[in-house]
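Order of writing sets the labels: A, B, C, D, E and F. Residues in every chain begin at 1.
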Amino acid sequence: MSSPLCRLKIINGNTCQPMTANIDAYAQAARFPHTEIVTVQPRLGPESIESFYDEYLAIPGILEQIILDTESDAFILACWGDPGIEAAREITSRPVVGIAEASLYMANMLAAKWSVVTTLHRVRDMVEKTVEKTGLTQRCASVRTTKLSVLDTEQDRQATLDVLTEASQLAIQTDGAEAICLGCAGMSGLEQQLEERLGVPVIDAVAAAVKMAESLVSLGKTTSKQLTYRLPEIKEMKGYETHFSAESFRH
Amino acid sequence: MSSPLCRLKIINGNTCQPMTANIDAYAQAARFPHTEIVTVQPRLGPESIESFYDEYLAIPGILEQIILDTESDAFILACWGDPGIEAAREITSRPVVGIAEASLYMANMLAAKWSVVTTLHRVRDMVEKTVEKTGLTQRCASVRTTKLSVLDTEQDRQATLDVLTEASQLAIQTDGAEAICLGCAGMSGLEQQLEERLGVPVIDAVAAAVKMAESLVSLGKTTSKQLTYRLPEIKEMKGYETHFSAESFRH
Amino acid sequence: MSSPLCRLKIINGNTCQPMTANIDAYAQAARFPHTEIVTVQPRLGPESIESFYDEYLAIPGILEQIILDTESDAFILACWGDPGIEAAREITSRPVVGIAEASLYMANMLAAKWSVVTTLHRVRDMVEKTVEKTGLTQRCASVRTTKLSVLDTEQDRQATLDVLTEASQLAIQTDGAEAICLGCAGMSGLEQQLEERLGVPVIDAVAAAVKMAESLVSLGKTTSKQLTYRLPEIKEMKGYETHFSAESFRH
Amino acid sequence: MSSPLCRLKIINGNTCQPMTANIDAYAQAARFPHTEIVTVQPRLGPESIESFYDEYLAIPGILEQIILDTESDAFILACWGDPGIEAAREITSRPVVGIAEASLYMANMLAAKWSVVTTLHRVRDMVEKTVEKTGLTQRCASVRTTKLSVLDTEQDRQATLDVLTEASQLAIQTDGAEAICLGCAGMSGLEQQLEERLGVPVIDAVAAAVKMAESLVSLGKTTSKQLTYRLPEIKEMKGYETHFSAESFRH
Amino acid sequence: MSSPLCRLKIINGNTCQPMTANIDAYAQAARFPHTEIVTVQPRLGPESIESFYDEYLAIPGILEQIILDTESDAFILACWGDPGIEAAREITSRPVVGIAEASLYMANMLAAKWSVVTTLHRVRDMVEKTVEKTGLTQRCASVRTTKLSVLDTEQDRQATLDVLTEASQLAIQTDGAEAICLGCAGMSGLEQQLEERLGVPVIDAVAAAVKMAESLVSLGKTTSKQLTYRLPEIKEMKGYETHFSAESFRH
Amino acid sequence: MSSPLCRLKIINGNTCQPMTANIDAYAQAARFPHTEIVTVQPRLGPESIESFYDEYLAIPGILEQIILDTESDAFILACWGDPGIEAAREITSRPVVGIAEASLYMANMLAAKWSVVTTLHRVRDMVEKTVEKTGLTQRCASVRTTKLSVLDTEQDRQATLDVLTEASQLAIQTDGAEAICLGCAGMSGLEQQLEERLGVPVIDAVAAAVKMAESLVSLGKTTSKQLTYRLPEIKEMKGYETHFSAESFRH
């Protein structure tokens, strides 16, 4: 039995090229042989997403990566927070997977309680809302924020590892976490070292999303167009390139 | 005792000029004498918001209206769904009020249970999530969607009134609603006729938001900059005008 | 444009005259020029409300202030806990605003998470139930009780300020509060000093309720008489003055 | 082994003597031989409780029955809604059982889902809040209200039985109820006939509460005085008889 | 009035005879004179239940005690966690009471908030799920686990008492508990000493369940056979004794 | 890049051989080429699971299939309800996936709301509890039960298809479902025909679980042994074969 090719596009929500490269490297390591992965970043948007403001300004560029794509079988939104995912599901019937939801589902199959360990303290509310959106708040032992900016996670891997270790140990010892979800795409590639240090499962969100996307594609699943995720209505879209008009992706 | 001037900017989330004019007319009727209201619409974004896609593409233009404003005392997001409100609260310390939250708080002070009556069937999930975000799901008797597009609500007022009457009566008789929240800024100005037909309070969301904004301004309240709603970090913002950079609004 | 007069009656839930005077002073400072405020206290009931027992015995006297009133346009229940508010909404169609709900709605428009800082430790459960009733439990960072009795808050303002400062700082630093709701009408007038000390928004519940009541009156809103808040049925009411009979307020 | 005597006082929340007699008759039938039951009604308050207003005006008279009692081992609040129960638990350490909570706990041990079938349509919100207070909303299939007033349930037993049968059958067939809780003390004595007609367990709330009270007394349990249910503070209580002052029940 | 005999069978979920004897002794002390109690243990299953694995392997033996019983009027599942209780309710119409649910209902009538104090740290998740199943999570101040195994609680009563005292004091002082539920049948008989040490109500779950079962039997209540708890369908049951076939208990 | 072999064991919870064969056929069709699947059924337990009783009696046999296995990389519990899954996670560190959770996570990535369509009406409560356990109740439009027994689904595929079509259409048109989860392993293989008839995504739970298990294995993930899912304590296990003793799987 030979697998049909599965072409995934990973969209880094941040416009930071080294981070895109890092995500790509770890995603390639997580894919099945029959999967092809292309990792891209938006043409417009913030270098890194660390506030609601950053997140909302990143979304048009993320969506554009889907609108202009005619080759991928599924899309992965590689920013913990799954920015714009409902809109992404409207503009295509090809599956869209968010790295946050994927990592939480995976954690839920491995541990009774888990914590999300992530970047700057200010994102606590954003992270809690993302957990809430998946419905898994009751299984979440805690959200542990740190002093790490998104770009820090790329630039000093050893220091990042140390900060994540410390925050994770607090989550385990104080909050009752039995597994750790890394709450930022920039942390990809650190999960194995963390697992060794901590002795509990550590979920890399990008890898989790690659597996979910491969799964949906291999089963031939597509997003429901029944009601909520129907293609957007055609209408004037002021100040955006014409490909943002629903006419461009309704055929 | 004479009131200091209160200058409000209402930002129609839709880029549809007649709707902006309509919102303005009814907002002017709802303001206190010492309040000045300017109603604007984004430079970029969809003519009307009827999907998550429309909503996310409307947000940058909505935020720009706040970023470039130096004169208003508070802002009102005039699209039921309060698009981008968390980001709006990050980029200014001046109060930001969403018409959805304002209308639900007001309904909650007038009735034990209420329904939201709104536009196209496809927005049901968006509306339910907005109600959930305010925490008032338990008080919501139902969300009643209709065949009305946002633009329909502007163009044929009599037909709109009839459709809303029918949907509201179902909400009252079948779902147990004791008040009605009109779930679209385009429905402003119909609440009195509806109240007469239905015999229960009907909340116009724009008017509710005008009162909430006047209240916050008159008490001298500002948005908390403690953690979640801090000013965004300064960073590169690709593909947007320079005023979108956090540098432009951090001083 | 000149405003019609708005006549508000504030009902202190406690039968403590100096507290009534204090509430009145700060309410007058919060009103719009076209608003007239009369602040009263019940003829019967406890000097201060610090238990469920106190609260229930306060309610008949609170309701009597509404029953016998023919002049006010709206009522404010000035005891955090909003005692008897559902009954108050049954016996009149004029708007009734509770200071607890008003302050929580206002806090919710200014901060992602807030704490309630209040009086004696024993009221924790009452306060948590009040927050639950508004549906905003998920946005509540914590309830912080103190050693302050209700009357303490009136008698030693400086000590009260110090105790509230300490409790609020714990709420901010330990519980993640980004704004503070003062959970007692007796604390009115301290919010500005607290804001200066704490650096986050501090909500005075009486002022918040004045604005909500002014808002409802100015929009011409009345309480729904559809089902839950219908006028009570006429029936024998043993041992109460005749004006407590529903006959006296059904016409 | 012989049982010590257990003296229960049942407090009808309504000041309607025939209803008190009816409650007493069915409570006597439900008690164990070693239990003595006295059923009383408040000196002041409404003939029947059918609104929040009625309920709040009933509470002082209900509490007085506890304050003045020196002989009972436990108290039962015989009005579905358990009016004033938190206050009742403050003013005595002897157990206080509400007929609503008792009936819901019992239903929960007999059926996966149950409905509350009760009086006038206007009490729906009150009943839903009572269910919510016990925490069992998720197990509640529905609240079915009827055209029956409280006094109707006393006066025409056959018609009451027919109305309850019809409402219960709807609850079973349409809402998925597998047991029925009778939501009014006035319905006591109809449960057996209803059970025969319906084929599912029917819970009489007064009988359920008698058993709960006997249970607590026989185990020697008393209400916690740790924090929430401490005796109320001593303070001036204007316009009430002196026995309402906390001094009268603090020794 | 003389009571009809009430015959209860208590089923220790653990196959540890000294624990069965202990449960029996304290249950006998809690029963009414007209009640007869037989306490048994399963023929098959773990010596003690301290994991989900232990719990699931205990269930067939627990159910067998009901299947083979023709004499009891009601059954008590004497393992905190109420293992297999939904199945127990399917295979008989005689009432089945779990000691966990019984103790939580009783605690809820005595205190505004309570904690469960129990055995090994690893059972925290099991205990939280049991509390969740009753719907009372919101009233639960905390679950406090200890280093005590189930068998420890039987073998060194003094040490057990000390460990429970310490954990309970933490629950009271740190978590806000106002009563304590002992979360293991092996702790029966310690509640009075604990109450004296702690000064708050301490609920013995076995005693609570005896009272609930006596209550249901005396009111003639039976489990609903309407839908969920219908007798199981007749079908082949491989590898179990023939009495496990539904044929043996459907007549 | 060549994939390491992934060996999955699927455990049909029912002891019905034709159903095991059917599950195996459709699982083989869903696997990746590098995956090997063995499908087994318990040595002991009910022919089909249609009640809590059936479910609990199935669990020891299900767990035995894991205890005695030394070759598989992961396990799939192929009975919607995921019977005994917490225990399964205790007795091995190899991943265990339930078909219910897997199907719900997958549905959640494809649709805003979905319904579970399943067998006999009596399982409604079991199914609702399973959905609740995953935390996704809010996304569940409805549970639609039918007249189909588990064995029916195997024996008359055409009739099964018709009944499922009808129930699904009601879920879509009446309850707002936008995708359908098939709530029984016996329904595997019908999803494509149903998708064609319904026009919305239909999730086969077995296929979903195969993908989740492949994902976890390929990422090298193992179940957390931190606390809840630790290996069970060693103790006497009466009446079971010796391999059920924790000694047999603790090394």
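What we mean here is this: contacts are C-beta pairs under 8 Å (C-beta built on N, C-alpha and C of every residue); 3 or more make two chains touch, one makes a residue touch a chain.
Note that this is a predicted model, so its numbers are computed, not measured.
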Query raised in the report: If contact pairs are compared by residue number, which of D-E, D-F or A-E agrees with B-C in over half of them?
Result: D-E
Requested in this report: Please report how many Å separate the Cα centroid of subunit A from that of subunit F, as a whole number.
Outcome: 27
Requested in this report: With chain centres taken as the means of their Cα atoms, state the distance from subunit C to subunit F in Å.
Outcome: 53
Report task. Could you please state the distance in Å, as a whole number, between where the Cα atoms of subunit A are centred and where those of subunit C are centred? Result -> 45
Query raised in the report: subunit C: which residues touch two or more other chains?
Result: 86, 112-113, 124-125, 176, 227-228
Query raised in the report: Considering only which chains touch which, how would you classify the arrangement: line, ring, star, complete or other?
Result: other
Report summary line: The chain pairs that touch are A-B, A-C, A-E, A-F, B-C, B-D, B-F, C-D, C-E, D-E, D-F, E-F
Query raised in the report: So in the complex, which bits of subunit D are touching subunit C?
Result: 15, 42-48, 50-57, 59-61, 63, 84, 86-87, 89-91, 121-122, 124-126, 149, 227-228, 230, 232-233, 235-240, 244, 246
Query raised in the report: subunit F touches which residues of subunit A in the complex?
Result: 1-3, 30, 32-34, 86, 95-97, 101, 105-106, 108-113, 134-139, 172, 176-179, 199-201, 203-204, 207-208, 211-212, 214-216, 218-219, 221-224, 226-229
Query - subunit B-facing residues of subunit F, complex - result: 112-113, 176
Requested in this report: Name, in rising order, each residue of subunit E that touches subunit A in their complex.
Outcome: 124-125
